[in-house]
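The letters A, B, C and D name the chains in turn, as written, and every chain counts its residues from 1.
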């Protein structure tokens, strides 16, 4: 517990709540220096050797400040490399631990193999591919590192509503996968996928709930300050009750997140359920937050809309609520 | 318009709001005397010759008092007979206009024909079959009158939560349909079904919204009277706003109902949509009503629960919201 | 529904006009604020010429003298033909017109009304940063100095003020007595010295609204409407100027735009997803119901049987349906909707679902927030106790 | 999750006991109030004998002296084994115990605590028709006459008062000063002359609650807990006696009962209805989340880091999940659910969906309504302004 509090304190000092979405490149240097890239890397591999609680606490704080730095895909990319049996594994681990960036993509890839084995298609939804050395992607032959400067690889930014982050299409056009950069074969890709998916869902859930807490804080603060009809609007019971419901939903989603984080055996559906609930709650909180802010919430002057836009993107990352609610339902039906 | 107001006034005098669910048999005599069985029967057939607006206004008022008398299935049964080419049609019309009862069933029938053509199975959800001369049911050969005292027909009451009404299973066991009592052949059954379904949906929608209005009235009245923390609970803004939302939803559902009533060309899906919305709003209003009544709403002492139970049954009559929302969606998709 | 013969005739006329003149590609020419304004001016000019721009004005004006039933026909057809909404000229033809017509001097009317038809546009200077739902709390101060008022303060949420020629301005001339009593109503030239307009950058990228900063702006006393300190009553005339037509028109437009949701369902191959079909069916019914109540509201106005609170019900049900509409689109559109796509200025049902979603808040917040409407419904329709004026903690 | 070794041992013990002794057909023997009471008494007797009935009592009592962590283990296992909830003995072992233990005289403790283990049951005489959410508004009047208080008034929502032996009674001994100051706490014999109990007919057919009418009931002054006029503080001890275990237990029971929804989905052949699967998945997640927060709440209590308002969050999230659970069942069950089926007394997840739905209101209304909890969350966790004590209209 003490360890977690220390991490949280350090994060809040490094990324204070007042400075939303601090610059990406500075943030990247900072998270590298603070060891957050290697927080989950075992000590014998040169990492901090901390567990899922630690990374969750960090992602929670990064969500709170709408961090611009792609820590989640970076950690997942490193984890994929670490889990591999690639010959050059330790060099890559060292490189990535030192600040090189090889993100895992969090949205689906649509790739086709030609007769000669070369690949074409788009790996969509790669965060900050402009600063990446390679992308960790699931190719037909298994997970692989795809260097972004390789022949047949181009990178295109696609502007998104969520101004706190940047998404890229990594487009392959006759790309020839380098066998030395294969992380798994086709058969073991799905085991790695499940491991990474669990981590990704929990990390995103933490991002959602850190941000939801911050959005709630901003809203409550605004309600106490904003006066209409000669009283702070926080005095209007109808509005108070809505704030109470926001708080309740956030607290419940947090409890589910932490129960998933602490259960090493939690299956993908359980982790995805935690992320789905967290993302839905984040969206709900920001929607209510805009309404409770009134006019000012509709202007770029006030930051509350930035939370809403991040919430809307988070809903879609690693699969939408529709997709996961259905899978969770299907699995629960099979088990009961 | 004046005609409608007159009908409404007469209904409110005959069935005052204070006397919820007045006795069925007395009510039946009263509605017969007032000509409500024949409100839609053409004048040349001895009826009042009024339109859908008139019957809607009556069903609305009957909903308001949680009427026990099965006016909706009775009117639909009469309408089915009237639309038929049965030889004994005018005798039956006269009989039914005079107070005999031949209800249309509002829930599905599951019947099977044996090799000899006799029928077995259950016509479920027949209102007040104990007082019926016959039931209007859709048999494999078309719509028909099934006399409840015929050989092979038995009638079983099945107690329901909604204490304002009574449902029966009409069980056929080797019943031989009387050709003289066939209202349609198999081919024209579906045209009649569509006509009756439109009427049934709109009538039920009116029942829902009359009752929803009454439940809202009771709730608002209670909120003004009930004091906690030294003030009427109607003064608490959070509760006020919920009452406002109830009012809004009721008003909107009423507008849709009347637009369907006034559009003679409204297709079944439009009528069913009006009923679905009305039933959902009725359920919503009664659920909120119980919450706003607090403890007293959970006791049989207070009538508000009777509205909720009627709402829950109404949701299911003529097809559930799930069924109709899907059909409405499917049709809208095909058209747009 | 069949109208009376004269309404049928009008309907045919309008249809014929629209078939010939309705701008087809107006969304494509409304991708920037400038293009949007140009498109709006063109369209307004055509409607003035055709006699459909100001059906609610007196018969003395070209195209005026129409009954509310006739106005309804015109707006229904504009909605069905999916024409641009008359956003730029809305304040001029409704708010400014009503104010001038009902409360201004003959001289003021004669000066300003004809110019509106020539394309002069107005904006409304009512809300302030500290006075939104609580409009009477305005602080913008006007001091009389001889023949002019000298005005200082700030207005906000002024539709299209950046391109407006004139402004309906509420100012405070006194702080004594009840808040409402010290308010005065002025007509301000937007070119006057000391007026600065700053567009509000809205979260979806639109710039429909602006802030107006007033720094020692001199407004001639002759531009006052009504007496000094009696501006609150004049403001009520302004606010009451349009009730019903817009929401009817917008509801019909939303109904037309349900095809955009149907398109998504097909594009994403959800045709056999029963959950999606149910949700779509539910939305279709909700939108139909909003159209029905907006219609009924107008019919009641036509028949003179509108009740207090009716407008609040229509507004809240429209705005909630618009939210539901845009949220279903956002959900069905999936991740693609998170990539920025061009917006259409001044439109609510564009199929750019993030933009539409954000726009839907304009209807739960502006023009009397959802919460204010709930108070009105509870207090004035259900006769529940009013919000207390003060309380003791 | 793995507990500490001693907790693991306890868990195994409890499981072994339950495997042997848990009543299997208790729902079938709880179809009437009488049968339910008998089933409850039997089960309580078995638990007392096994040492699991009063784990929260001091070690001096058989089976007492358990830590909260141990209590949690016991309740988890009771829930997982789907045993009857300890409804009849709940007020005795929690409310009466806490009150006696913390506030009563040694003599009172010695008289009453052992009898509870022998099966004496208590009820709570707190709420009144005019004092629900606003408990301090009670009007039941006690006048001291020599050695007795003479009590007149009416109590309501008293759980199982019809079969209770004793009552924890709040009365008003003074109307001066703040409402709270005139309240006195008495222990009443339910057999006393002038006590009339009338079961409340609940809308789902249960009779869990009763009204108590008090007509010149004489209660010895020796049966007073604490000083005259200091009853409000004693009542706080009563009300604080159980916080967390019940909701944790009930959440686990609801999770177990999700199989009832799964059954409906199979029975109605919705296995491939994606909408239904999504709604079920959503409910499963909601219930899991409620279990997680109930768990976390108890862990926080065990670790001494509970915060004000935490209990309100757990209660509101449980009650809303219970509503959602029963509504999904009601919806999926279709028309069949509208036919009356036998209820199970004292159970919340029976698969009789109408009854379950109605029962779910007990959790949004009783024990501090959802609205009261929202006030607590807003005022005490979010530090928003409190409800005003009075206001000026």
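Observations
Going forward, contacts are C-beta pairs under 8 Å (C-beta built on N, C-alpha and C of every residue); 3 or more make two chains touch, one makes a residue touch a chain.
Keep in mind that this is a model prediction, so the values were computed, not measured.
Note on interfaces A-C and A-D: more C-beta pairs are in contact across A-D. Farthest from chain C, judged by the mean position of CA atoms in each chain, is D. Annotation: 53 Å between the Cα-based centres of chain A and chain B.
A straight line joining the Cα centres of chain B and chain C is 41 Å long. In chain C, the residues touching two or more other chains are 274, 276-279, 371, 374, 385, 387-388, 390-391.
Each of the following residues of chain A touches two or more other chains: 231, 235-238, 240-241, 322.
For chain A in complex with chain B, the touching residues are 236-238, 240-241. Taken in their complex, chain C has these residues touching chain A: 127, 130, 132-134, 137, 156-157, 200-203, 330-331, 334-335, 337-340, 354, 358, 361-362, 364-366, 369-371, 374, 387, 390-391. Per the touch definition, chain C reaches chain D in the complex via residues 273-279, 385-386, 388-393.
Chain B makes touch with chain D in their complex at residues 107, 124-125, 158-162, 167, 227-231, 235-236, 238-239, 290-291, 294-295, 297-301, 305, 308-309, 312-313, 316, 320-322. Per the touch definition, chain C reaches chain B in the complex via residues 1, 258-259, 262-263, 265-266, 271, 274, 276-282, 284-286, 288-293, 295-296, 313, 316-317, 371, 373-375, 377-379, 381-385, 387-388.
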